[in-house]
Structures are given as structure tokens and as C-alpha cells.
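Each of the two complexes below includes chain A, the first together with chain B, the second together with chain C.
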Partner chain A sequence: MFYREAGDFKISYNQDNQTFPIRFDRYRYYAVMVFAFAVVPFIINDYWANAIMLPFLIYAIAAIGLNILTGYCGQVSLGTGGFMAVGAYACYKLMTAFPDVSMFIHVLLAGGITALVGVLFGLPSLRIKGFYLAVATLAAQFFLVWLFNRVPWFYNYSASGQINAPERDVFGIIITGPNAPAWATYLFCLVFLAFCALMARNLTRGTIGRKWMAIRDMDIAAEIIGVNPMKAKMTAFAVSSFFVGIAGALFFAVYLGAVEVGEVFNIQKSFLVLFMVIIGGLGSIFGSFAGAAFLVLLPVVLKVVGADMLGWPTDIVAHLQLVIVGALIILFLIMEPHGLAQLWRVAKEKLRLWPFPH
Partner chain B sequence: MPESLLYGTEVVLNGLMAGVLYALVALGFVLIYKASGIFNYAQGVMALFAAMTLYGIMVGQVPFAHLINAIFGTHIHNFGWEVPAIIAIVLTVVVMVLFAWLVQQYIFRHLVGQEPIILFMATIGLAYFLEGVADLMWGSEIKALDVGLPQGGSLWIEENTQWLGMGNENFYGFFLDQLDLIATVIAAVLVIALVAFSQYTKQGRAMRAVADDHQAALSVGINLNFIWVLVWSVAGFVALVAGIVWGSKSGVQFSLSLIALKALPVLMLGGFTSIPGAIVGGLIIGVGEKLFEFSIGPLVGGATENWFAYVLALLFLVFRPQGLFGDKIIERV
Partner chain C sequence: MLDASEGYVTEDGRQIGGVVMEMKNITLRFGGVVAIKDISFDIREGEIRAIIGPNGAGKSSMLNVISGFYVPQEGEVFFHGKKRPQMRPYEVAQQGIARTFQNIALFEGMSVLDNVMTGRLNHMKTGLFSQALWKGKAEREETENREIVERVIDFLEIQHIRKTPVSRLPYGLKKRVELARALAAEPKLLLLDEPMAGMNVEEKEDMSRFILDVNDEFGTTIALIEHDMGVVMDLSDRVVVMDYGKKIGDGTPDEVRTNQDVIDAYLGVSHD
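Up next, the complex of A and B:
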């Protein structure tokens, strides 16, 4: 009744090409944007920002990044944690070296540096495919974490081996360090997420995204119809690492504030982001959001239900969480290999005819 | 012999021993991958689960004691009996076979025909699931597994290699862990047994047929489901052996499941589909990482073992994408 295409006429190419061609989708999108930018900052408090919103926003950026590489270009990467670490350390070095420069620039530069590192570790993908590549990306994961642990220059020779985010501001508002207000950190991350999502959405429906998908579907056939596999794969690695680097920089500078690389950016992080992409849906920007939201909320819900309401010991709740996450992943793969995004697509199909199907 | 050469030799020997252990884990991967095309990330957690189950049965723990206590407010912990190692191992094998059947029945039967990467993700999910179940069942504290394997350095080897030092005061003979020696023997026996099984028995032949071509195997009357359960059971058994060896060496704890990560570069190097590849790859990685840590490690800050194997495998793959012994990758459009 509400969600329909009938009567929604397009009278120019621009209208036909817009991101959300269906009017209802477009209005929903505007409503979400207004709510996220103009309402949430006024009602958010520290608990909501730190427990739910910041991890969600940052993981969503990382998931979009990995989705571009794995979902759109078909190159499975298990090195996300390592690339996030690159972003975090690049941001840290920039923050301490140029204290007066805006954080926006630092985070973007950190993304750029990560993109370079990503291309470097993506080079083997020209020769190695499938599982072999997935395992090869683990080399990036382990090597990078080791590098940041062992070379003191990266953590500015601090005694603890940790990196701590100094206090920095944007337009006079503190956004890193312990004194940053919740709404400012939230908005800062939200701006990056909106930017990344918009960019990813437009890249993936343009020429370059179609090249990625051609490589994903069958690389030899893609080569024959004139897609340069090297360019396509390298750009996928670069763009993906750029997003992942931004996520890493925000994760360190805005969310955690202090990072011990072996603890935070270990292989579990790589798997977590990969799970978000799978549960959300491979090859879908919306899926990255859904997957990130799901896996950020799940532990919180479990903790509230298990530890606070039922009063179970926390270690049992932690183990149950592993069981549930594992079972959910298997269930999703069996019932809906295309993830939450596919559920959403099916729901939209149904909504078109609702409430009078046939 | 000069001193550095002696130490180098000892490092190589120890590397070979470590390599055998890596190969042991890698074997489990190869078996499943060959027969069903599933790259089983859960192999390491299976080893952890098997070792924990073995320990739990041996000391008579009540499964899920923690959970039961939390829900019902009871204080049960032990049955109050102890089971000898041999019987416990047999019971654990039964548990692993049951596990294999469950995995086949409830997970991979529904995923037949899916893309390999989906199957791989499913095994990552399985790894999480199994890890949680293992912790819930037997508790997550570190357990000292003792099934009667000898511990400590081998005196016999130390005494009989002392002459190599040529009167050098600082050389007391090679130090080799007895457990590693036993593990080498076990691994060798296991490999020979597996090869014999797959070459000379009816089920082994069926297993190879399934590995070759699912549909052709199906059409000559081989029961695919049974073969897959069989393969998972064998992999479970291999995991149990690996779990016993590693568990006796450094205790049964979460880090045991990380041996899967050690086995991955071995597989890349040796090729995912080759049993000899797993062994040779394991030895190369074992020796390579010990030698690298011994010679280059001190210069760059140590702990290079974490990544060396991966980088070595990566560089190797760039020149030979299918690994040492893997089937040649032929792509058709």
C-alpha cells in the first residue's frame, strides 16, 4: 500500500539513475539521515555511544570495506584486523607528529596509507586465488601485528608498548581522549560512515563496481571481455583497505583511546568483520550495516539477558555467546546464504503487494 | 664441529620435530578437503575439543557441570571415578565419531553444492560453536593432560651425541624432547596407516573415488553420506592424536585451537590435496621458522615464528600457486 512503484514516474535520466529509485525508499533514507544527524546527537548518552553506537558505526565502515573486497570483487581477506591496525597506527603517528592538523585529515590520510599497504599485500592476488589467497592474507594479519608490536618507532618508544590517543579537536570540539563528549564522537564517526557508504554505493554501481563483479563471477571470462584483472583487483584492495583503515583509525582514536595491538587487532577481529559481512550479506552495502548492527547488538543483548537478568556467571555467558554466534552463522549459511540483505529484499518484494497479494 | 654448526643442527632437529606436529594437524585438513572439498577451519578446535573430552572422561568430570550448577543452583562437579587412559581414548573416539555424524547430518548435508567459500565460512562458524560447547562442557581452565607419554629431554640422545662436540666443554649433546620423538613416531605410524587405509581397503578406495568425482562415485553406488561421516570421523581421530600430543606438551587450553593457524601455511606450501605435501610442508615450515628465529630473529626483535611461515608460504605461492604437491590448477571458462 505504501511501498509501491506504481505512479512513480521518472522523467529524466538523473531521476532514473538515482541511488534510491523508489520514492518510499528515498523518503525512508532521508528520514533515517535526519534522525541520525539531527535527533540522535541530542539524546545520546555515554553508555549508548560507547556500548552500541560507536562500535556499530565503526564496524559498519570496516564491513563496507571488506564487503567491497570479498562481496563485490570475490577476494576473501582474513587480514582485516591487520589493516585496521595500519589505520590505527598511521593515525597515531600523524596525530602526534602534526598536532595542529584537523582530525578529519588525519583519519583520511590514515585510510590512504592503509590503502597503499593493502595494495602491497594484494599483489599476490594476481597469482593466488580462492583459499590460497584467503590464507595468504593471514600473512598480512600476523606480519603487521608483529611489526607494530616489535618496532618501537610505531608506538613512539612508549614504555608500555601501547598507543594512547592524545586530545584532539575538530572546529574547537574535543573528539578524542577521555573528555570528548558522546555526541561529538558519535557525529564524527557518523560523518565518516555516511561518506564511506555513499562512496561505496556509487562506486559499486558504476563502471568500476561492475568490473569488480565481473572478476568475482568469473575472472577469466572477465579478462576476455576486456576487464583488466590487475587494475580491478588492485583498486578493490585499495578502496577496501582505505575504508578498513578509516575504521581502524576511528576505532583507536575515537572509540578505544588506547590500543595494545595484539589484543585489539588480532585475528578474531578479522573474523568478526568477516562474520558481519556474511551475516549481513555478501555484495550488499545495506548488508554491511545490518551485519554490523547484528553482531554489535548480540553480545550486548546476551549480556543483559544472561548476566543481568538471569544472574549467570559471566564466563558462561561468554561461552554461550560463542555457541550462539557459531550456530547463527551456520544457520544463516544453510537457510539464507545471502544474509540479512536478502531477507530485506524478500520483505520489500512482499511489501510491494501488501496488503493485497493477488 | 664448530659450535655454531652444532647449535644450528640442534635447531634443525627441533624444527623437524615441530614440523611433524604441524604436519599432524595439516593431515586432518587434507583428509576432509580431499574427500568433500571442505576446507575445515574447525580442525584445530576439534583437536581442542577431543583433548578436553579425553581429559574430562579420564578424571570423571560431569559434562556441562558449570551450566547445570548455574541453572539449578546445584554443586555437582565430579562423578567420583577415574577412567584409565586407554578406555578414555576409546570413548573419546566414540564421541568424535558421533560428532562427525552430527556435523554431517545437521550441517554439511544441507550445504552440498554450495560454493567452497560458503563451506569454509560454515566451518569457521562450526569452530566458534564447538569452542563454546567445549568450554561449557568441560570448563575453560588449563588442564594437564597425562596419558602416560614420557616427558622431558631424552638423556639417551644427549649422552650419545656428546662426542660430536669433540671435547668442547660447552656442548652436552643434542637436546631433544622425548615427547617430540614419540610424536614423530606416532605421526609416521598414522600416515602409514592412513595411506594403507586409503589404498588397500574398500572404504578407503570409496573415499578416494568420492574425492575424485562426487557424481561418478554416487553413480557406481557409493554411499556419499557414509563416506563423509567416515572422513570426518578419521579427521576427528587425527585431531584427537594431535590433541593428545599437544595437550601433553603444553596443557589443554584455548591456545591448542590455534594450531590450526599453524597448519594453514603448511597446507599452502604442501598443497591442499596432498598427504605427502602436508608432511613435507610441515617439515619445511618447522625447520624454516626455527632456523629463521635462530639466525635472523635476534636482529629484528624476535617472535618471528608468528608470521614467518605465512610469509614463506606466500612468497612460495607466488611462484607455484598450487603448492608443492597440489593438483595443478586448471581453469576453464
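Up next, the complex of A and C:
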């Protein structure tokens, strides 16, 4: 009733190939975009930006990145935290070395540098698969964090070993540092998220996406029908790390402002992003959004409901969060390996016929 | 014996061209096991060439040698008259050799349309950046290739399952989708590994019709492995018979049928 495709005829392959083939979906997408770009910046305040919107936007970028690698190309990675650190440190070095260049360019370049590092650490994937590859990426995680801790050049020889984001602007509007207005940081991250999501969608619906999925589903058959496995895996690592690097740069420069690498980009971060992808849905761009939103909102909701409304002790609420996330991961892996995105898809199938299923 | 340079005319009057692929003295070993022993044969343009033999005769190994998945220890492979250097399987595919598999090897997580589109990927050349932008070059290429894929989909009568995930399809349809994927590549040589395994009579008839139609309409050269003798004898122009890794017969179906070695291999021979 609310949701149907009757009367929605495609008269060209381009129309059949578009991102939202059903008209209702398309209008909803336009509405969300208008709301996010034209309404939210006017009503957002510091609390909403820092507690919910910024982490959601940035984690969504990281989740899209990991989803391309793990969900689309089938290469498990536990090095997301390390690659985010590469993005953050690359961005920091660029910001301090070229203070006059726009932040847009810094963040994009940080993504590019991370892509190169990602390809380097992706090389073992040509030889090993599954668990063993996961362990190899785990090595990347620990090595990178160790590197940024131990080599003073990366943190510009600061006494604390931390990196602090200096104040930088885009078109005269301050984006980083403590004086950045909430709406500007929000819009800055939103632009990157929209750009990454669009790129990811374009890549995954075309030849490259099909090559990735072929490698994921059956790598030997993929090679025999003409997929160069090295090229496919390396592009997946490059694109994935590009997005993760952008997320790391934004996480450091726009969201936190100051980073101690062992605290922020440790193995927990890798798992957090992996959980987002699993709960949201492997092999789905929408799933990356859903997973990021879910895991960003869960602690906030638990705090508001548990600690503020019901008056539970805060440590119980914090532990409860771990219990819930753990239980959910197990539940999703058993009941719905394709995550929230699949639940959403099933709901849409149902809605197409509701309330008259016959 | 046939002249290597010229073709011949089949019983039903089709002109068969020169040699497309020639296998010369191929020997393939797995450790101490000799899977293929000193086999030579050729595949000519436009013909349907069958490889038959009892279980374990080395037929699938032969097909894997042709598609580059196995590298023979001895012997040479000539494709279009040129000696083929050692290649990775994807390079062989890029030369225009497509195949189907004995146990279906479709990409289960993708729709039928996407699976058939993967068959086109050797014809799609746009780079990472134009694909990320999508509008323009990548979209145009996608549409052009989609048209070819849709023709194959029409041809094999799988329009109704175009958007269905492959994992939901029954066995017979999966076989057909796999053939579609191989055909979408517009191969110069099409290898079919037991295209009719596990099918009922009706499905076998359908599949035979498709194979003949493919050969007839696109002029595709086909090499196939099959166990159903009736099908093989009806479909193929020439047959190679293998047994225990050796070639025991080669020729038209009629010649092969009367070959004493072939009869012995299939029916057994008394040891008194």
C-alpha cells in the first residue's frame, strides 16, 4: 500500500540500473538528503553533533570501507583501527606541513596515503585466506599503532606523544579545533559521507563490484572466467583503505581534535567497525549506515534510558552495553548473517503487498 | 586422415574450418599418478568436439589443461596456430576461452543478471575512476554490455529469473545460467564440462537444443565432455575417446562406435 512498484515501468537499461529503482525509494532518498543537508545544520547543537551525528557519519564511512573489503570482496580485515590511524597521522602531517591548503584536500590525500598502505598490507591476501588473512591484518593493526607510538617524526616530536589538530578552515569556515561550529563540522563530515557512499554504490554496481563479489563467492571460478585475482583484491584493499583513511582523518581532525594512538585506534576500534558491518549487513551500503547508527546510538540510548530515566548505576549500564552488543553479534550471526539490511529488505518485500497479501 | 590446413564438411552440411586449438603430446602428472599420457588432438573452427571416456579417464583434467587451470608437465598447446606460453587461467579466459563446470560454479550471492554480466568482464575496460563517477563512460559501457547479455538471456529463455538470486534457483536452471555466463563472453572456444549431468530427459533435450543453437547461430566452436552416449553421438561432429589417461579413439561418432578399443573400454574385455 505505502510501497509499491506497480506502474513504475523501466524503458531503458539505465533506468533499470539506477540506485533506487522504485520510485517511492527514490523520493524517500531525496527527502533524507534534503533534510540532512538543508534542515539539520540549522537545528544541530554541540551535544547532538559530538555525541551522535559526528561519530555516526564518521563510523558510517569506515563501515562502508570495511564492507567493501569484507562484505563485497570477502577478505576479512581486523586492521581497520590501524588504517584509521594511518589516515589520522597522514592528515596531521599534512595539516602541519601545509597549513594553507584546504582541509578537503588534506582529508582526501590522507585517504590516498591510507590506500597505498592498505595495498601494502593487502599483499598477503594473494596467498592466504580466511582466518589466516585475519591474523595477517591483525599484525598490520599492531604494527601500525606501534609505529606511530615509537617514531617521533609522526607526532612532530611533541612531548606528550599525542597529535593535536590545529585550527584549519574550508572556504574561511573553521572546521577543526575547539572553535569550530557544530553545523560546520557536521556538514563537512556529511559531504564526505555522501561522496563515499555514492562512490561505493557506483563501484559495487559495475564491473569492479562484480569482480569483487565473484572473488568472494568462488575465487577459483572467478579466475577461470577471467578475473585477475591480484587486481581485484588489490583494488578492494585500496578502495576500502581509502574510505577508512578518510574516516580516520575526520575522526582525529574534526571529531576528537587530539589523539593518543594506542587509546583511540587500538584493536577495539577494529572490532567496533567490524561489528557495525556484521550487524548492519555484509555486502550492503545501507547496512553500513544501519550498523554505524545502531552501535553509535546504542550507548546513548542505554545511558538515557538506564542511567537518566531508571536511575541505574552508570557502571552497570556500561557493562550492560557490552552484554547487549555481544549477544546481538551472536544472534545476528546465527539468525540473520546479512544483518539489519536484510531485515529491512524483508520488511520492504512485505510492505509491497501489505495489507492485502493475496 | 584430415588435412591440418583445410576443414571438412559435416554430415548435415556445415562447413568446418581450420584448427582453432591443437593439443600436442600432452602429459599431466599429479605426483606419481599420470592423469593424461601423451595425448594429441585438435579442435576445429565451428565444430562440436566431444571428449568421452569412462570415469577417471582424464577428461576433466584435459579440459582444465585447455582452460589453463592445470599446467601439463609435457606437451604444447597451440591456439590459433600459435604456441601458448604458460598462462594464468584469467589470461586464457581473456584470449576467448570460456567454460562451464561439472559442479556448478556460479556466484551464489549475486543475481542471475549479475552472474551473466560477469561473463562480459573481459570486454569491459573502464578504469576505477570512471566507474566511481559512473555517469558517462562507465554507464555507457554497462548499457552496451547489458544489451549483449540480454540477448543471451533471451536466447536461453531465462528472462523470468533475471533478478532472482542464483542461490534460489533449481539445478537445471543453474546449469542454464552457467551456460549463459559462458556465452555472454562471446568465446572463440566454449568448453562444457558435463553440461547434462544430473538432468532428466526433458532438460537434456533442452540443453542439447541450446548447444546446437549456439553452434548454429553464433558459429561457436564447442568442446564438451558428456557421459550420455546418445547425446554425445547425436550432438558431436568428432569425438575423442580417453581411457586411463590415454587416447584410444578419435574420429566421427560412427568411426568411434565401431572402434574395437572403445568397445573394450566401455563394455570390458574378457581376460581368458
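The rule is short, and it goes like this: the second predicted complex is superposed on the first by the 358 of 358 C-alpha atoms of A that agree within 3 Å, B and C clash if a C-alpha of one lies under 4 Å from a C-alpha of the other, contacts with A are read in each partner's own complex, and residues count from 1 in each chain.
Heads up, the rule we're going with is that contacts are C-beta pairs under 8 Å (C-beta built on N, C-alpha and C of every residue); 3 or more make two chains touch, one makes a residue touch a chain.
As the structure is a computational prediction, the values presented were derived from the model and not from experiment.
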Chain A as common anchor, with chain B and chain C clashing or fitting: fit
Chain B versus chain C as contact partner of A:43, first or second or both or neither: neither
Partner chain in contact with A:221 - chain B first, chain C second, else both or neither: both
Touching partner for A:17 - first (chain B), second (chain C), both, neither: second
Chain B versus chain C as contact partner of A:207, first or second or both or neither: second
Nearest Cα pair across chain B and chain C, whole Å: 7
Where chain A meets both chain C and chain B, residue numbers: 218, 220-221, 224
Chain B residues within the chain A interface of the complex: 39, 66-67, 70-71, 107, 110-111, 114, 116-118, 120-122, 124-133, 135-136, 140, 261, 264-265, 267-268, 272, 300-304, 306-307, 310-311, 313-314, 317-318, 321, 323, 329, 331, 333
Residue ranges of chain A in contact with chain B within the complex: 76, 124, 127-132, 134-136, 138-139, 142-143, 145-146, 149-151, 218, 220-221, 224, 267, 271, 274-275, 278, 312-313, 315-316, 319-330, 333-334, 337
Chain A partner contacts - residues on chain C that touch it in the complex: 67-69, 88-90, 93-94, 98-99, 101, 105-110, 114, 117-122, 124, 126, 128, 131-134, 138-139, 141-143, 146-147, 150, 181-182, 185
Residue ranges of chain A in contact with chain C within the complex: 12-14, 17, 199, 202-203, 205-208, 210-211, 213-214, 216-218, 220-229, 235, 239, 283
